[in-house]
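Look at the two complexes coming up: chain A is in both, with chain B in one and chain C in the other.
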Partner chain A sequence: MTEMYIPKEKLAGVVEDLIGRQRVYGPVFDGAYHNFEEIKSAGALDLAYSNTRLSAKGLFHPHSERMFEYSLASGDPEAGVLKETEKDYSPRVVLGMRPCDARALKIMDRNFNSPQYGDPWWVKRIEATTIVGLACNAPCGTCFCTTAGSGPFDDSGLDAMLVDLGEGYLARAVTDKGSALLSQISKGSAAPADAAQKADALRRSAEAAIGLQFDVGSITGKDSMELFNSPIWEEIQFACINCGTCTFLCPTCWCFDIQDETHGEHGDRIRIWDSCMFPLFTLHGSGHNPRQNKAQRVRQRFMHKLRYYPEKYGDGIACTGCGRCVRACPVNIDIRNVARLMSSSACVRPA
Partner chain B sequence: MKNPYLPYPVRIDSIVTETEDRNLKTFTLVFKNPEDEARFAYTPGQFAELSVAGQGESPIGIASSPTEKGFIKFTVNKVGRVTSHLHSMKEGDVMGVRGPMGNWYPWETLEGKNIVIIGGGFAFTTLRSSIVYMLHPDNRSRFGDITVVYGARSPGLLLYKDELAAWEQRDDIKMHITVDGCSDPNWKYNVGFVPTVTKEKAPSADNAYAIICGPPIMIKFTLPVLTDLGFPPDRIISSLEMRMKCGIGICGRCNIGSEYVCKDGPVFTLEKLSKLPNEY
Partner chain C sequence: MRAYTEKIREAAKRLLSEKRVDAVIGFRKGSIPLVNEPVLVKSPERADELYWDGSCGVNLANYLPKRTDRVAIVAKGCDSRNIVVQIVENQIQRDQVYVLGAPCHGMLDRRRILASLKGREPTSVEEVDGQVRITGAGFEETFSRSECLQENCSICIHRNPVISDEMLGEPVAEQENVDRYPDVAKVEGMNPDERKDYFEEITSKCIRCYACRNACPQCYCPTCFVDESRPQWMGKTIDPKDVRTFHFLRAFHLAGRCTDCGACERACPVGIKLRQYTKKLEKDVKEFYGYEAGVRLDERPPLDVYRPGDPENFIK
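== the complex of A and B ==
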């Protein structure tokens, strides 16, 4: 099954059927914001949303998770030996993910699943998940996905995509996984003759509403050391308070810390999101810190997203233009402005 | 799928206090599961994460050589939470080792070359691994002259004193041991900083590579000496330290520009470093 039409009045039934077969996740309104949660009954799912407060990365790389557990009990022959923590990797479906967040998973995958090392938790969660995206008919003013190599109808990170046609959803499979999922749905019908045309018109109007915000090629084509040594960072970092909100909300910020937490004679090795905005992130045991100044940390974040990542993987920038950091930054630092400064900084010579 | 975050369980076989300030101890570790030793196949220059349940992990250079079988060795400076706890552990205790990690000294390139090793203080660990490796009967003929300049602040702060003395007796390795200062009238080696001694002994740059590890101040003043001796930047090799967690290029903190020290390093040529941000 590669394409079907789901009238909106039948969506709840479709979701209930899916819940009966596997775990289902989707956007849930918590009173203030939408966030991804497990959907236990179809009524909890709310697809009438712009985007979630937190990105979808937490579904695959949770904010905190147990990696291993250990015993420190005296007399335990296995004391001090780490054991893998049991996890649920049963099949699941994520409904309603925006194309930018799904593309972000492709970017994160470069990091978590390299030819040399696979992060087992990441890889197993990706394998267990079928992602059904929801195309964006009405992008926000802070969206710049088309600039960042994605788009409101970008299906590159999706297994299937829903397009809201008003009275119902056009569902299209993108991958075999998506196709297998659509074939589970018995309540759909053949897409109306004009559905594809309508979807295409929605795509064109959404893309037109966004517009080009900066030129990626003029950043990635620039000498890395020239950008690193550019005077623009002084101005960019001035207002930053290193709060880490941007890295917390960013769908492609993957950095994490590993810590041991012991309770009595037992404990867990856990990993927790970390942030390049924090001085402790790079502090050596000796007291030396290669990024001890705020300006160095701010530069690191933007250089990583817009220059180091493309240099390392040759696959576009590590940003999908979701605009969360632009909306949530308490001092109004705007990555679109930073990118414009970076792309024009060739004209600015250090004093 | 092998979990790259899961340490191999090891038993502490012996602990040797190396220095008079008791801040450096060498831990000889034996794998609890003998088959793990083959899985841990390493090359001199690599490092590993030492793991202590309840304390965490610390990235440490491998001080043993792959030519030494049945154990691995790490010389650990007592600095933070994990290393301080390690210093309080006893022979027989169980801990973990994760690795090997990172790249290594470029042994294929170094084959047939004269090797100049310059070390300072406790950064001599992977250099010890390299010397033991090159001096092994199977390997010695693969390399030309081996010259070592190794310095510490005082005689009591030199690592591996018995081995240094043994290498002094050999005719297939030129040793230049030095200390910054010494009040021992029987001290029979050099007195002077590493850069000065390197300049005095002037190892030839002909067909040679230099491997240099030590405190930043030593490296800073030795590099111009090597340059004057004729070593080009692509023949000066160093190894970097960085705060690390995962050790496998995933957790994000040890980057210098686009390179992760844990995975793309820790070994870099001076030529490569000159093209990266000075953020280390």
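== the complex of A and C ==
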């Protein structure tokens, strides 16, 4: 099954059927904003949303994750031996993920699932998950996915994609996993003849609404040291309060810390989100800190996203243009403005 | 309040060209509606970047501690109180700071306005005659300004700067007979279990990004207790134990120092009602010691001094 049409009145039934077969996650409104949560009943799923407050990365790379446990009991022959904490890798489906967040998972793969190294928890969670995206018909004013190499209808990180056609969803499989999922859905019908045309018109209007916010090529083509030493950082960094909001809300910020916590004779090794905005992030055991001031940390974040990552991997920037950092920064540091300052070109086509 | 923009620019040009100050801390117009960006202006030529409207909620006093130069700073009532606390706590010297006092009618609450728009996105915001007109794609909504204020602004009793070197406008009428603590009284009326549940629920969304701490003008410790690593004092996870420890310790560290400027709540990306912690401490300090933080330069904070006659009727 590669394509079907799901009338909106049948969506709840489709979701209930899915819940019976696997774990189901999707955007849930908590009274103030949406976040991904496990859907226990179809009514909790709310696809009439712009995007979740926190990105989808937490579904695969949780904020705090117990990796191993160990005993410290004297006399325990296994004292100090790390034992992997059991996790749930049963099949699950994530419904309604936006294309930018799904594309971000591909960027995260650079770190967690490279040809050299595979992070077992990340890899197994990705394998266990079928991602059904929801194309963006009405992007926010803070969105710049098309600039960042993604787009409101980008299906590159998805297994299947839903397009909201008004009365119902056009569901299209992107991968075999997505196709297998669609074949489980009995409540769909054949897509109406004009569905593809309608979807394409929605895509074009959404892309046009976003425009081009900055020129990636003119940043990646610039000399690294020239950018590193540029006076722009002094200007950009002033307002920054060095909180971790941008990094924690970012769908592609993958950095973490590993800590051992002991409670009496029991120990846990825990992986916790960390942020390059925090001084402790780079503090050496010697007491030396290579990024001891705010300007260095601010520079690092933007240089990593917009200059170092493209230089290292050659497949675009480490940003999908979801706009969360723009919306949530308490002091209005806007990555689009930063990128324009970093860029040598004024090539911008506003929406 | 837009009228302040011209006055701020004029003052900045004058103070910078007369070399009275090395820099001016103010706002420039934000890149998105309802939030402006703090900016440091060092030359009179750039003074026209400075801007003012009801979206200047960020507490600029946060940018003062440990500065070594002479700066002018635009200060609302709350900012001025935080400057006073910082002077009293020796984080900045009075003669280093040139306060451009901004009598304030309260700042707009971006979160509250966005919530009332129910997902529709504003593209422009205009404040006219006590009203806020919001326009977006295919809609226009007008709210009364008082419905759009940050909660701490609607119960503010220090709208006029408590210190200034120059005022940007006539003083505004202070709000009188304000009941500042009905919410605190409600929590005080709870039994311990209810109270515990209440605070656990408030912080259940915390992601430990520390935006609350970093937005706070009083959180200037060179190394926060959270960042102590040798030894490490507390866990960094989002387990309720760790989250609870962080929020209670942070709040207690602000007892007798917090001015209820609302910086913490404004910065929080997940909407935690952080003032529920600090307001209780503010109320206690007021009741037990008759002290309000950041109102007078010549008074030591009550938790910073010992007097044999200190009230102790609350010690049980």
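Definition applied: the second predicted complex is superposed on the first by the 344 of 351 C-alpha atoms of A that agree within 3 Å, B and C clash if a C-alpha of one lies under 4 Å from a C-alpha of the other, contacts with A are read in each partner's own complex, and residues count from 1 in each chain.
Following the convention adopted for this analysis, a residue touches a chain if its C-beta (ideal position, glycine included) is under 8 Å from a C-beta of that chain, and two chains touch if they have at least 3 such contacts.
Everything quoted here is computed from the prediction, not taken from an experiment.
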| item | value |
| --- | --- |
| Three-chain arrangement built on chain A, chain B and chain C clash or fit | fit |
| A:G267 touches, of chain B and chain C: first, second, both or neither? | first |
| Touched partner set for A:A79, first chain B, second chain C, both or neither | first |
| Contacts of A:P120 with chain B and chain C, given as first, second, both or neither | first |
| First, second, both or neither for A:F248, with chain B first and chain C second | second |
| Touching partner for A:Q259 - first (chain B), second (chain C), both, neither | both |
| Which of chain B and chain C A:L283 touches, first, second, both or neither | both |
| Contacts of A:A328 with chain B and chain C, given as first, second, both or neither | second |
| Which superposed partner A:H63 touches (first chain B, second chain C, both, neither) | second |
| Vertex chain A angle, Cα centres of chain C and chain B, expressed to the nearest 10 degrees | 90 |
| Smallest distance from any CA atom of chain C to any CA atom of chain B, in Å, after fitting | 6 |
| Doubly contacted residues of chain A, that is, touched by chain B and again by chain C | 257, 259, 283 |
| Chain A contact footprint on chain B (complex, rising order) | 1, 3-7, 9, 32, 51-58, 79-80, 83, 93-96, 241-243, 245-246, 248-258, 263, 275, 277, 279-280 |
| Complex interface listing, chain A residues touching chain C | 30, 32-33, 48-50, 53-54, 63-64, 140-142, 238-239, 241-245, 247-249, 257, 259, 261, 270, 272-273, 275, 278-280, 283, 326-334, 336-337 |
| Touching residues (chain side chain A, partner chain B) in the complex | 67-68, 70, 72, 79-82, 84, 111-112, 114, 116-120, 123-124, 224-225, 228, 254-260, 262, 267, 269, 271, 274, 276, 281-286, 290-291, 296, 300, 303-304, 307-309, 311-312 |
| Contacting residues of chain C [partner chain A, same complex] | 30-32, 35-40, 58, 62-63, 111, 115, 119, 121, 123, 205, 207-211, 213-215, 227, 229, 232, 235-239, 266-267, 269-271 |
